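Next come two complexes, and both contain subunit A; in the first it sits with subunit B, in the second with subunit C.
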Partner chain A sequence: MVTRKQKRNNWILTIVLLIASLFFLFPVIWMLANSFKPDAAITADMNSLRAFVPPILNGSFLENYITVLTNTNFIRYMCNTLFYAAVLIVLGVVVNGLAGYALAKIKFPFRERWLMIIMLLMIVPMETIITIHFLIVAKLGLLNTVLGYILPMIVNPFNIFLFRQVFVSLPDDVYEAAQLDRCGPLKYFFTMVLPMSKSVVATVSVFTFLNVWNDYLWPSLVFTSGDLLSAQIGLNAITSNDNTTTGQTLAVITMVTIPVIIIYSFFSKQIVEGVISTGSKEG
Partner chain B sequence: MKRRKSESLMGMAFFGPALVLLTIFLFLPMVLTLVFSFTDFFALNPKLTHFTGLENYIQIFEDEDFRQAFFNTVKFVIIIVPLQGLGALGLALLIDKVSHCKKYFKVAFFVPVVMSLAVVSTLWIQIYSPEGILNSVLGVMGISAQPFINSASQALPSIAVMSAWQGVGYQMIIFLGGIQAINPALYEAAEMDHATPWQKFRDITLPELKPLCIFVFITITIGAFRMLVQPMVMTGGGPSHSTYTVVYDIYETGTVNWEIGLASTMAIAFAFFVMILTVIQTILTRDKEEKDGNKKTKKK
Partner chain C sequence: MSYVELKNICKKYKGNDKNSVTDFNLEIEEKEFIAFVGPSGCGKSTTLRMIAGFEDITSGDLLIGGSRMNETAPADRGISMVFQNYALYPHMTVEKNISYGLKNMKVPSAEIQRKVDWAVEILGLEEYRYRKPKNLSGGQRQRVALGRAIVKNQKLFLMDEPLSNLDTKLRVSMRNEISKLHRSLGSTTIYVTHDQVEAMTMADRIVIMKDGVVQQVGKPMELYEHPINKFVAGFIGSPQMNFYDVKVDGEGIVFSDGKKMKLPDAVKGKLQGYDHVVMGIRGEDIKLDSSNMEVYAECRQKAVIDNTEIMGNENNLYFQFGGITSVARVSKYEVSQVGDEIDFVFMPHKMHFFDAKTELAITADV
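Up next, the complex of A and B:
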C-alpha cells in the first residue's frame, strides 16, 4: 500500500538524512583523515575538500602513529588502563555480585533496610564526595598508587542493585539441591549463580570497562605523574605537550577510541539494551 | 533456630566486603562532607579548624566565583537541554520513518557517544581553533572567522554545542526504543479515520512519548549540571571564568586550594540540586511505569 508519492518522500528523507549525517560526522571524518598527514599538509588542505580526504598511501602514511607509539609512553598508558579495567571488572563482579546475592536470597538482619539504603545511594552524585575521596586516599598515603585509584571504584550501588534484581528471580530449588550435594554457599555462588546470570555479568563488565576507560576526573586526581597514568590522562599529558603536532594529537585520540569501538561492536546488544532499560548511565 | 543464625551470618559475610567499602568510600565521605560544610577546615593546616555554623553557606552565595559558576552552569543547562533533547527526538522520529540505510543512520549519529569526553574535547580544540576547520568551512560560506572557545561570550555556547553533539546519539537510541514500543494498533485505527501524518504525530506519537520525554530531559539536565571535563581540558574555566562550572569550583576549592570546608559546602548545595532533580524524575517515571502496568493488565 506504499504509494509513489510516499516512495518519493522516503527517498528525499533518506538523502536529507545522509547529508545531515555527513555534516554531523565532519569532526570525526576530519580527525581520521588528518591523523595520517604531517602538519604542513593539514594546514595546506584546510581550505579545500581535501581536508576530509586521507592522503595517498606512501611511506609517511603512518608516521604520526609510529611517532606517538615510539616517542611517548602511550602504549604504557593504554596497558595500564586495560589492567585497571580487568582488575575492577573481577573485583566489581565479585564484591557487588556477592552483595546483590545476599540482598536477593539470604535472610540477614536489616536486609530490607540495606536494600533501601543502596537504592538511595544510587542518586548521590559522585562529584559531591570526590574531594573527600581524594582526602581519604591522600591520608592513607595511597596517592599516585594503583591501590589508591582502584579501592574507591570497586563498590557500586548501581551494580549491586542490578545484580540483586537478576538474582531475586533465580529458582530456589537449585540451591536446595546444591545444598544436598554439600555445595557450600561460596562455591554455589561462583559455580552456579554467576554462570546462570551471564547476561548481567556481561552488562556490568561492559559498563565497568567503559567507565574505567573513559573516566577522567578521578584518575586525574589520584595519578599525579609518571608511569601509572590511565589512557585519558596520558592522552591529555601527551597532547598538551608543545612538541606534539596536530597530526600526532589526532592519531592519539583515534587510538584511544579504538578499544571502545571494539567493545561497542561486540557488545552492542547489551549496551543498547542497557541504554534503553536504564537510560540513567549518563556520561 | 541454629540454621537461621548461620544463614544470617552467611548473609553478613556475603554483604560484608561491599559494606566495608561502602562505609569507607560512601558513608564516611558523605558524613564528612556534611560535617566539614559547617567548618573552615583547611587541609594544609587542620589544627586551626573551627566550627563556623552556617557561615560557609552564606559565603558561597556571596562568593563572586561560585555565583558565576552557578549561573554558567544554569546557562549551560538552558542551552544544551533543548538542543540535545529535541535534537535526539527529531533524529529518532526521522530515522524511524526512513526506509533505507536505517542501520547506518543509527550508527552514524551514535559515533560521538563512543568517544570519551577527553577525546571529544581534545578534538574540538582543533575544530574550534582560530585557523581550524570550522572557521575555514564558515569562510567558504561567507561567514567571518569566529573566536569560539577563545572568547568569553562564545566559549560556553561552543562547549554546549559540542556536548550536545557528543551526547545526542545516546538519547536518540532511547527515543527510538520508545517509538518502537508504541502500539501499532493506535496508528492503524488512526489510518481508518484518515488522519493526516501531522495528526498522527500530534495525537498519538507525542502523547505516547511524553513520559519518556520527561525522563530524557531530566537526565540531560542532571548530566549538564555535572559538567566539568570539557572546560577542564579545553579552557581551564576561562576566558575570564566564562566556562567555570559548579563542579569545577568544588574541584578547585577542594583539591587544588585544599579548602575542604568551603568545597564541602558547595558540594552539599550541588548535591541538593541534583538529588531534587533525581527525585522528581523518579516520581514522574514511576508514574509512567504504573500506567504501563495498568495497560498491560487491562489487555489481559
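Up next, the complex of A and C:
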C-alpha cells in the first residue's frame, strides 16, 4: 500500500529531481534554442534567461539546419554512421554472443581460464591498443575502408562477458528438448538462445550503437576520404570550417545529439542493466 | 526380441570417484511402461539420460530396436522426452512449441496441422493454443510438453519426474492422463520418479534402484509382495513396512524388547539355520479384528496407541512394540484413540524375513 505520506514524499522527490535534471539540461537546452537563431541573435544576448528561449518559430527558424544539410555532406555522414552501427550491432551480437554462449554452455579445455583472460581484457582501455589496431589495419591495406573500420570494433570483451552471464542461467533441458526436435546448435543459438535473451541483446545493441555513434578516435584514424566519414568526424570537419556560423555549428551538434537522447530515453532500462551487469535475471 | 536393451551399463561422471550407475541390465519389451524408482541421487536420471543420449555411456551397451545406440545422436534414437521442468520454448506459443519438431523434420504442413490439432484436442489445450508458456499453469505446461512429445510419433518415450513440480491433486489426474495416453498410443515408455506411488500405479514393471545399482525388477505387486531385500521392502508401500531385529528361538521369534511370538511351523521352517534376522511386516498385515485374533491366537500381543493418523477411508495407528515405533493400518471401522490399549496379531505368513547382515530376503527354498 502506498500511504498518503509516501505519496507526498514521492511528489517532493520528483520535483527535486526535476529541478536537478533541469540544471544538467541547461547546456542542451541552450544548444537547441540557439541552433534556431541567426548568429546575430545568438551573440546579442548570451547571459540572460532569454538565451535559453528558442526564437519565435517563424518561416526562417530552420535556416541553420537547411544551410548545413544542403551545403555539407552531413546527411551522408549520419547515414554512414547508422550503417556502421547496424553492421556492428549484427556482427557484435553474433560474434560476442557466440563467444559468450561457448563460455557459458560448451565444455572445452581451459574454459574458465579463457573467461578470466577475457575479463582481464575488459580493463585494457581502447586507447592503449589503438595504434596496434591502426598498424594491423594499415598492413592489411584496409585503411580508409569500411571493413578496416569495422573489423577491430566487432569483438568486445565486455559484451562477451555480458552475454556469458545471461546465457549461463539458461536451462540446459531446453537445449536437450531442442536437440530432440532436430534443432542443431547454430539454429538453437539463433532461434532459441537470442530470442530467450532479448534483454541482453537489446543492451548490447544499445551499447554498440552509442559506442559507434560517439566514437571519434578510431574513425578519425581509419577514414581519410570524405565519403566514408562518420557523423562525429563529419561534425568536426564541418565545425572547423571557417565558413560555418555558430548557429550552424549548434544545428549540427543538435542533430548529432538527438539520436543519443532518443536512445537513452527509450532504452534507459537496458543501459542501467548493462551497467549493473548482474545479468542473472532474464524474463 | 525386446525393444530396449541395457547391457552392463555403467556411468562414472568425470571428476567423481564413484560410479553413478553400476552394471545396469534391463530388457524392455515393446509397448511396456517401465518406471525407474528410487531415492534421490540413486542414478535414475543418469540412466535415462544415457538412454536419451545426453550423457555418454562409460561402459556397456545400449540397444534400441536391436541396434547399438551408444554413439548415436539423441535425435536419431527415435525418442521423445518429457522433462521435469517442462523445457518448453519460452518465446513460442503452445502451438509452435508442439509443432516445432515436426517443422524441423520437414513434415508437410497439412500433416503438422492435423497432428497439432489432435494433440491439442486430446490434451485439452484448445483455449491455450496461442498462449506462451509463461501464461500457463504448471499442469498446462506439462501437457504442452506431453503434446510436443507425442506428435513426433517416436517409439520410445522418456519421462524424467514429469509430475514432481505439480501439486498433489493435479499429480493424480495427470498420472491418469499419462497412463491413458500410453494405452492409446502404445509407445514404449520409461518413466523416472522418486515417488513409489506413481511407479506402483502407472508401471507395467518397476526398476527399483539404490546407489546406482538395480535392486529389483518386477511387476508392482511382485515387488510389493516379494521384495528381494530390506531396501525394496521399505521403499515400496506406504506407510513403510515395520522392521524388527529379532532373535530366532525354537518356538518362533524374540523381539528386542523381550516379547516373544510363536510362529507356525511353515514360517519357522524358513528361519532354520538363522539365529538373528530382520522381520518385516506391513501395517495392513497387523490385525486388530476378532476373527484374525482367533485364527492367529498364539501371535497375539498388546500395546498402547501413542499416535493416530486418520485418513478417512483407513487409519494408521502408531504404538511402541518390539523396540520400534510400529504402525498398523486398519479400516475406518476399527476406531481407536491415543492411549487405548489394543490387542493385535501379526499375520505370520505375511511376515518378511531378511538376513541381518546382507539384508537379502530369506525365502523358504534357500
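Everything below uses one rule, namely that the second predicted complex is superposed on the first by the 245 of 283 C-alpha atoms of A that agree within 3 Å, B and C clash if a C-alpha of one lies under 4 Å from a C-alpha of the other, contacts with A are read in each partner's own complex, and residues count from 1 in each chain.
Simple rule for what comes next: contacts are C-beta pairs under 8 Å (C-beta built on N, C-alpha and C of every residue); 3 or more make two chains touch, one makes a residue touch a chain.
Since this is a predicted model, take the numbers as computed values, not measurements.
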Partner chain(s) touched by A:R113 [first = subunit B, second = subunit C, both, neither]: neither
First, second, both or neither for A:R4, with subunit B first and subunit C second: neither
Touching partner for A:M196 - first (subunit B), second (subunit C), both, neither: second
First, second, both or neither for A:T257, with subunit B first and subunit C second: first
Touched partner set for A:D173, first subunit B, second subunit C, both or neither: second
Winner by number of subunit A residues touched, once subunit B and subunit C are compared: B
Partner chain(s) touched by A:C183 [first = subunit B, second = subunit C, both, neither]: second
Subunit C-contacting residues of subunit A that also contact subunit B: 283
Sites on subunit B touched by subunit A in the complex: 4, 7-12, 14-15, 17-19, 21-22, 24-26, 28-30, 32-33, 36, 43, 94-95, 97-101, 104-105, 108-109, 111-112, 114-119, 122-124, 126-127, 131-133, 136-137, 139-140, 165, 167, 170, 173-174, 177, 215-216, 219-220, 222-223, 226, 228-229, 232-233, 247, 250-251, 254-255, 260, 263-264, 267-268, 270-271, 274-275, 278-279, 282
Footprint of subunit C on subunit A - complex, ascending: 171, 173-174, 176-183, 192, 195-196, 198, 283
Touching residues (chain side subunit A, partner subunit B) in the complex: 10-11, 13-14, 17-18, 21, 24-28, 30-31, 43, 46-47, 51, 94-96, 98-99, 101-103, 106-109, 111, 114, 121, 123-125, 127-136, 151-152, 154-155, 157, 160, 185, 189, 213-214, 216-217, 220-221, 232, 235-236, 239, 246, 249-250, 252-253, 256-257, 260-261, 264, 272, 275-276, 279-280, 282-283
Complex interface listing, subunit C residues touching subunit A: 52, 54, 73-75, 79-81, 83-85, 87-91, 100-101, 104-105, 134, 145, 148, 152
